[in-house]
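In the two complexes that follow, chain A is the common piece, with chain B as its partner first and chain C second.
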Partner chain A sequence: MNLRTLVKYWRTILIVAEMNIRQQLMDGFIVFTVLFQPIIIALLGLFMLKDKGADAAMFVVVGSGLTGLWSSLLFISGGSINFERWTGTLEPLVAVPTPFEVIVFGKNLGNVVQSLVSMVVGYFIAALAFGYKLEIQQPLLFAVSILLAIIAFISFGLVIAPVFVMNPNVRAWQNAMEFPVYILCGFLFPVLLLPAWTNPVSWLLPPYWAAVALHGTSTEGASLNQILFAWGMLLLFSVMDLFIASRLFKLMLYKARADATLGME
Partner chain B sequence: MKTLTNNLRLFWQGALLSYVALFHWMRPIQYMASKILMPLAQMFFFVYLGTFATSADNRTFYIVGNALQIAAVSGIYGMTMSIGGDRDNGTLGYIFGTPANRLVVFMGRAFMNIMDGALGVVIAFTWGVVLMGLDLSNTSIPALALTILITTISTCGLGLLMGCLALITVNVMFVNNFVYFMLLIFSGANIPIAQLPAWIQAISYVLPLTRGIAAARLLVGGAGLLEVTPLLLGELAVGFVYFLVGYILFTVFEVVAKRRGTLDVF
Partner chain C sequence: MQSTTMNAIEVSHLRRTFSSQIGVIKRTAKEVVAVDDVSFRIEEGELFGLLGPNGAGKTTTVKMLTTLLIPTGGSASVKGFDVVAWADEVRKRIGFIFGGERGLYWRLSGIDNLRYFASLYGIDPDVTKKRIPFLLDMVGLNGRGDEKVQGYSRGMKQRLHVARTLLHEPDVLFLDEPTLGLDPVGAREFRQVILNLQSEKKTILLTTHYMFEADALCDRIAIINHGSIIAIDTPGGLKTHVRDLNVVEVETFGIPDGIVEKLRALPFADSLSVEDQGQKQMLLIQTSRGAEAVPDVMSALEGLKVGRVIVREPTLEDAYVRLVGGKA
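== the complex of A and B ==
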């Protein structure tokens, strides 16, 4: 997949994202994962970091939102192709002229956008229930960071979905993959607390760079150079993930057609 | 005597088969991942968050709290799916159609999850000692073992009640996840109960885990079994009440479902 494809099918992407959000609002598991779980984690973090001031509260708000983004990516985007399988809509989606990865891109966009709602709710909880006066220190840079994080998360989701489809055994590890990323990406505490040998693993994860950019711009904890570097890494990972995803989608669809297993687990 | 033998057989087979069915879709390595890796990662996350929020000196507080909290994985998710799974898999009608003793069936669903949950907590404590430097040198291990067992039983009591709710709701995972995550706040695993608002404290004390975690922390701090006995009795009482309410609901739902013909209706 490339930028030209995304521009050409922008309308499809938006409609798929909208349909996806509408459909998922009816699913209790998804509503919990993208909305309630990050809010509960935010509440927990706000109670735990109560004495650390407004900066820590902002750190919790952003970090808990990131946990929602990752959980949504892992459980919902990761299963987005299988969901179509279970509902019997996979074959028509593959058969339509629109590239299948464009449709999954739209679904991932819907997932990521709805996950961001938890960050907004977390903000209001911190402000209203805990009485913090929260201010995003660098609003413009924060907005750009959000945009780049969304693209990076969607692209990462495009890699995860076909991997989970082609390797059902990997999918069974989903539950065990949620908290390690919360830890390694420094969503709610700095990765400096972790042993140094874990740092290279963090650097390989796009959510880590999203956390660096978002925490850095929301709490003024990072210099402009650091933020620019994080943005660069987000873009780099997005391009790499899109490239890998396009190959994976081709392989997945070829295998499914060759083995006649498109609609089968 | 024959009735007793039949009930024992029913209990054991129900316990074993429901547990096997719960994990039938997993391979052993995946089962191990969900039993060992997931709790370990969750523990690490909250221990790091807790020490970041307060200080590294409070590490023991978070390790013990979150190790006990692992009981809720089997207690809530395992129990709910053990009971609710009958509905999902279409076997609920057969169960309600048999003359089997309902109490025995109900208890059979809990047994393996209690054992499994207690084992999960032991594994979590082992991780705490091996990887996080938890010091158990002043701890009465038999008393801690008893605390783990009682806490797991009481958590399964809540799980049985949740399982009954799973028989009448479509959004089972929503309810499960909600209760599990709320326990992270309400049980005192991560926040000292005294620091919570009064209305949350009131709820905390009618939930399982709260007293068990408090007892475990006292034991790790060097207290003896006698000092934590009131907490353990309280924990057991809370679990018994949930179990009783769950059993009553189970029997009521059976009657209502049969009368309305909504046994497997979602």
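== the complex of A and C ==
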């Protein structure tokens, strides 16, 4: 999948995202995963760092939002293809002219955008319930960081979904992959606090670079060079993931058609 | 590549096998042949039925023709495009419905389901706005489109499937047991929808278990059993297979072990099937002796509680039973 494909199908992607959000707002598990769990994490963090100032509160707000993004990616985007199979909609979706990876891109867009709501709610909780005067240090750079983070999360989700479909054994580790990534990617506290040997693992994870960019632009935690480097890594991972995803989707769909696993009879 | 044929669907020596694993510790692979050397052609605008018992290979055949399954052998084309090599071209020209309630987004309204699929088919939003009310009206869901699908009856869901399938105005339709589970009124309404589609010159491949449905709707019927086509003809032509026979229908109330075997062993019983109808059973005996067979049948049933006994002309179902072996 490339930029031209995304531009060609932009209208379809938006409708898929809209329909995805509208369906998921009625699913208790999803609402908890992308909204309530990050808010609970935000509340815990805000209580724990009660006297550490507005910068720490902003770190918690952004970090808890990132936990929502990751959980959404892992559970909802990761399980999106299997969800379609269970509901019997996978076969009609595969049979439409729109490339299947474009459809999953739209679904991931909906997942990522809806999970950002938790960041906004966390912001208001910190401001209204805890009385912090929160200020995003570099609003323009933060906005660019959000955009790049969204693209990186969507692209990473496009790799995860076919991997989970083709390897049920990997899917069994889904639950075990939630909290370690919160820690390894520095969502809730800086990775500098972790042993140095874990750092290369963090560097290989796109959410880590999203955290560097978002924390760095919302607080006074990073220089412009660090932010630019994080943006570069987000773009690099996005391009790589989209390339890998398009191959994986071709392989997955061929395998599903050969093995008769598109439907569930 | 597209051929110059006038046939909407061409199937040539199509074969599909599935492999499965048996055993837990010592695992051995087992190959099951679902479709074996199936060939047929469907003309443009024809309503073609594919009949067969459960597991005969109907759905597997349809899934290969709708590009959802890759054949193990042979070839098939729809509108001249090979279903494997030109899957994308085939998909633009076909619509399909698999029986049952799945395949829709229950948490969305009927209109949103259609809007969603219209966007996936790349239909212009302005066209979609006009087409959705037209289709809802056509399938009898006018005024119900705003309701969530989870509140629809089974029949309404089936009709929404039809509307979804027709969004991109496909030339060829695959309807796999579309009336499965519908109540009699819903099934009758659905059959009318199928007839309307036929009048629009759509090419339709219909699979069904219901013989009267196939008899009433189809121009030609192929009977498939154990993965192979055993007969292809018009409904009238298939009935000639049992032209020499009559059917003795005997209503019984509880059949002890051994009776069916005893009846099958009667020299004049060409084939026999039993329909379980709750507390009673209907024995259907095909015989060339007609009414003359009744005394012998009754003597074989001696001691049993017997209700109505009828001797009638054979139907398509009787032809089907004879062709698939009368082991129902």
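Everything below uses one rule, namely that the second predicted complex is superposed on the first by the 263 of 265 C-alpha atoms of A that agree within 3 Å, B and C clash if a C-alpha of one lies under 4 Å from a C-alpha of the other, contacts with A are read in each partner's own complex, and residues count from 1 in each chain.
As a working rule, a contact is a pair of C-beta atoms (placed from the backbone, for glycine too) under 8 Å apart; a residue touches a chain by one contact, two chains touch by 3 or more.
Keep in mind that what you see is a predicted model, and the values were worked out from it rather than measured.
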Chain B versus chain C as contact partner of A:Leu194, first or second or both or neither: first
Chain B versus chain C as contact partner of A:Val16, first or second or both or neither: second
Contacts of A:Ala258 with chain B and chain C, given as first, second, both or neither: second
Touching partner for A:Thr87 - first (chain B), second (chain C), both, neither: second
First, second, both or neither for A:Gly28, with chain B first and chain C second: first
First, second, both or neither for A:Lys52, with chain B first and chain C second: first
First (chain B), second (chain C), both or neither touched by A:Trp203: neither
Partner chain(s) touched by A:Ile103 [first = chain B, second = chain C, both, neither]: second
Overlap of the chain B and chain C footprints on chain A, listed as residue numbers: none
Of chain A, residues touching chain C in the complex: 11-12, 15-16, 19, 22-23, 26-27, 87-89, 91-98, 103, 254, 257-258, 260, 262-263, 265
For the chain A and chain B complex, residues of the former touching the latter: 28-29, 31-33, 36-37, 40-41, 43-45, 47-50, 52, 169, 172-173, 175-176, 178-180, 182-183, 188-190, 193-194
Partner chain A, residues of chain B touching it in the complex: 25-27, 30, 33-34, 37-38, 41-42, 44-45, 48-54, 170-171, 173-175, 177-178, 181-182, 184-185, 190-191, 195-196
Touching residues (chain side chain C, partner chain A) in the complex: 18, 59, 63, 66-70, 88, 91-92, 94, 96, 98, 100, 102-108, 112, 115-117, 119-122, 125, 164
